[in-house]
């Protein structure tokens, strides 16, 4: 537990120092969201139909792009080595890094998404569904993504490989996440979609940290 | 000229070794492009109207996200220092890095965009305009982006700052680039938009490398 | 008590060393010597449990090394594990609490390494040697950790710092600690039970 | 002929040294000494034209340093400027052609540094010392470059490599070259006109 | 003459001069603004087609002019500092930036407010509006970049590069209405009015523009004094200055 808190605190502190990275997601999101009307044209119906897709694609891209660097800096400067030889269990450390990643990408995105949805003209209940779907779905991106990042650490062609590994796992999350919002827009109960997302989350909570730990040990061998 | 070729060859070779980075853009593009119909629904008219916007936004994001690392690796491992003390003119080196960036992000994107446009149901002449607008517009992203990347090198909060510096310069490119395609879709001659893009390119060819060089010297002081 | 038996390591299919057997007893210093690329770092990483040996085993108190071992060992490799964004003190505090060492002594440790003036400076601005000193400050906190594995601890240090680090090592050995180190420089640590191994 | 007059440098608002005046004539060796963080690296970077001095000037052949200077100077800093993705040979070839040196001699240079066996290995796999050797291989190509500025060239090298690098330096000096270096270790370069400056 | 100028370029020498000039410019700014507002609201008649809304012009146009003019000044100082390595130039550009950003914001805001009654929309991506918006971001980027770099000398040089890059945008703003046929029109207002009214309007606009000018100078001088004290805090004269203040 100390290990978890120590690492979490440090990750957040570094993010705060850099500011860039934390703000980056928001900048990114606002860019994606506000550029779409620019590129696509500002018809209200079209925008409403797009809102969930835009939010979810932004979440997916933000995750994908920040994951490549999840372990890279710690790997390069020797911190990861220290984490492996530390008496603290590696799982706690990895979980803390995953948590930090979610707090810095998934959570801000989820919280900002309703604002964007509002601008795109989503009704209140759809906004709620959007928020819930992102809150349940984005941790899956961090959890499974971390495993992918650990597996491709220090591997030649890591970037594309990471995409190849995790995208197939992410697409269902996107489809069900955006699907939930679309369902609520056309008056269908989104619970089915959301519970599917929940099941995904449960599975990835089991699989993600374990796979990440194992992969990190291999990467540093 | 040797400096230019040397650096260009090296950049491309590293990219080839990593593969990741070059492929990443395509993966990224295909994700953005093919996920949108999922989020928006497959109405042909709507898709047709979106195609140019999607392609241009993908180009803008790809540029923005890869720019943050344009000089970072060379800065960290001392290569940039060597480039500054080398007898080769720094401008040639910087131009080569900008070229490589465009060859690895802008060009593949421009070449793939018509395929996506085809899937989105764009007519042949709009496809042409899309291709031309991307070919003319994406170098602007690399040129001005490089200046931003150099200015924020090693600066606290670099990532978000880079966004703040370059996005305002990118937005006009997006607006006029996507505007050209929309114009040709509704039967207006897109030449006005394209010539605006061309003017932008000319200005940024003058400004971008100069500012990058000056900023790199400041960053390494 | 650290022991190896018939230890062998490989890198990229290349056997670096094999059939290495030695033991380090309390108060003992083991110096690993050898040319560049002879496998010193690899050996130390194997002793730390980071690299899996191709053959043989590392034993600690008679048992193959496992989870409990990690709390009794300090490994400092080539990479200083220092984050540019954090201040020198924050860096030390983090590595101390990751290693379950006492956080409260961090300032004293920095003082011992002669960098207390830099405690609040972001590590980005440190000079090469100051960075190394910041990494080595952990030694001053680790008196209670029995086994130290140090990879090139003296590189980039000036004479004063070398003397400081050597003194820390000597104290540790005198108190019954164990020390394995690699160094291309001469090591000014006085210790009764010094052993060298040479890799080629 | 390299000269400085009343040179002063600052870092983060802190004056590191000031009023430094010295000159290095052909065949001359200047050793910059000082504790960790005393400003040796900063001085070398100022001599290379990377850092703008807070006061004073650096002159080369009597002129303030400018574009022409860059072709007559070799600067090797702490960072090795080596890309993990490229092989050792490719790395050397790149830095040679960036510095307008003869590409054809690269293999010989690697041989002189004792790493010709590693020519095709991606630099990611090099040991610390091998990486340093790969960076220093440029010295073997730079006999015609009159001024060498070397920051800690001997760190991480084993004895054999130190001797090799010293020999290269001595040859360079004997042929009328100039050399400014920093080192915390003793420098085994024999040269008639050696000068030391000490920064505090 | 030349040496006198260079003496003034030292922050220490400029500090008291700025202090003496400050009250004069402040007074002028206030007086001119009062006169301009009087003309704008009480002398200028109601417009036949736009009603009272057109009075926005008395703020919009001077603000738009100043937004561009200040940027050029800022870039000029920055470029001069980059070339001549004078410390005061960098401080001058820092002092100007927030005022410029403010005027840009006012121009955008009043323009948007004005757009609703005249064009039926607050915003359109026409060339002038886009480029004016870019100008705002250039100001903000300049301020943020300078704030993010700790070392003042480096911050000045990095900021100068950005300012010089951005100066390209100013002619684009100014000539956009001529180069591209867009929504925003040039000086078409005077055509719909009798000559005497145009003269009154011109007078009001001129007064307001002069007021904005004086205001900018006064604020920039005040800000400059603060920056000088901050940057030179270790110098003896600055310590003395602070203890007396």
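So that you can tell them apart, the chains are marked A, B, C, D and E in the order they are listed, and the count of residues begins at 1 in each.
The working rule: a contact is a pair of C-beta atoms (placed from the backbone, for glycine too) under 8 Å apart; a residue touches a chain by one contact, two chains touch by 3 or more.
Everything numeric in this text was worked out from a predicted model, so none of it was measured.
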item	value
Intersection of contact partners for chain D and chain E	B
Separation of chain C from chain B in steps, with touching chains one step apart	2
Centroid comparison with chain D (C-alpha atoms), farthest chain	E
Interface numbering overlap (same over half, different under half) for chain A and chain B	same
Between chain B and chain A, distance of the C-alpha-averaged centres to the nearest whole Å	25
Centre-to-centre distance between chain E and chain B (centres being mean Cα positions), rounded to whole Å	33
Separation of chain A from chain D, taking each centre as the mean of its C-alpha atoms, in whole Å	46
Inter-centroid spacing, chain C versus chain A (mean Cα positions, whole Å)	37
Shared-contact residues (touching 2 or more other chains) in chain A	17-18, 38, 156
Chain E: positions in contact with at least two other chains	125, 150
Interface hub residues of chain C, defined as touching at least two other chains	78
For the chain D and chain B complex, residues of the former touching the latter	48-52, 67, 70-71, 73, 75, 77-83, 85-86, 90, 94-95, 97-100, 122
Complex interface listing, chain D residues touching chain C	11-12, 34-37, 41, 78, 118, 121, 125-130, 132-133, 152, 155-161, 184-185
Of all residues in chain E, those that touch chain D in their complex	150-151, 153, 234
Residue numbers on chain E that touch chain B, as the complex places them	82, 125, 127, 130-131, 133-134, 136-138, 140-141, 144-145, 148-150, 154, 157-158, 161-162, 164-165, 168, 180
Complex contacts: residues of chain A adjacent to chain B	17-21, 23-24, 27-28, 31-32, 35-36, 38-41, 46, 49-50, 52-54, 56-57, 60-61, 64-65, 68, 156-164, 167, 171, 174-175, 178, 182
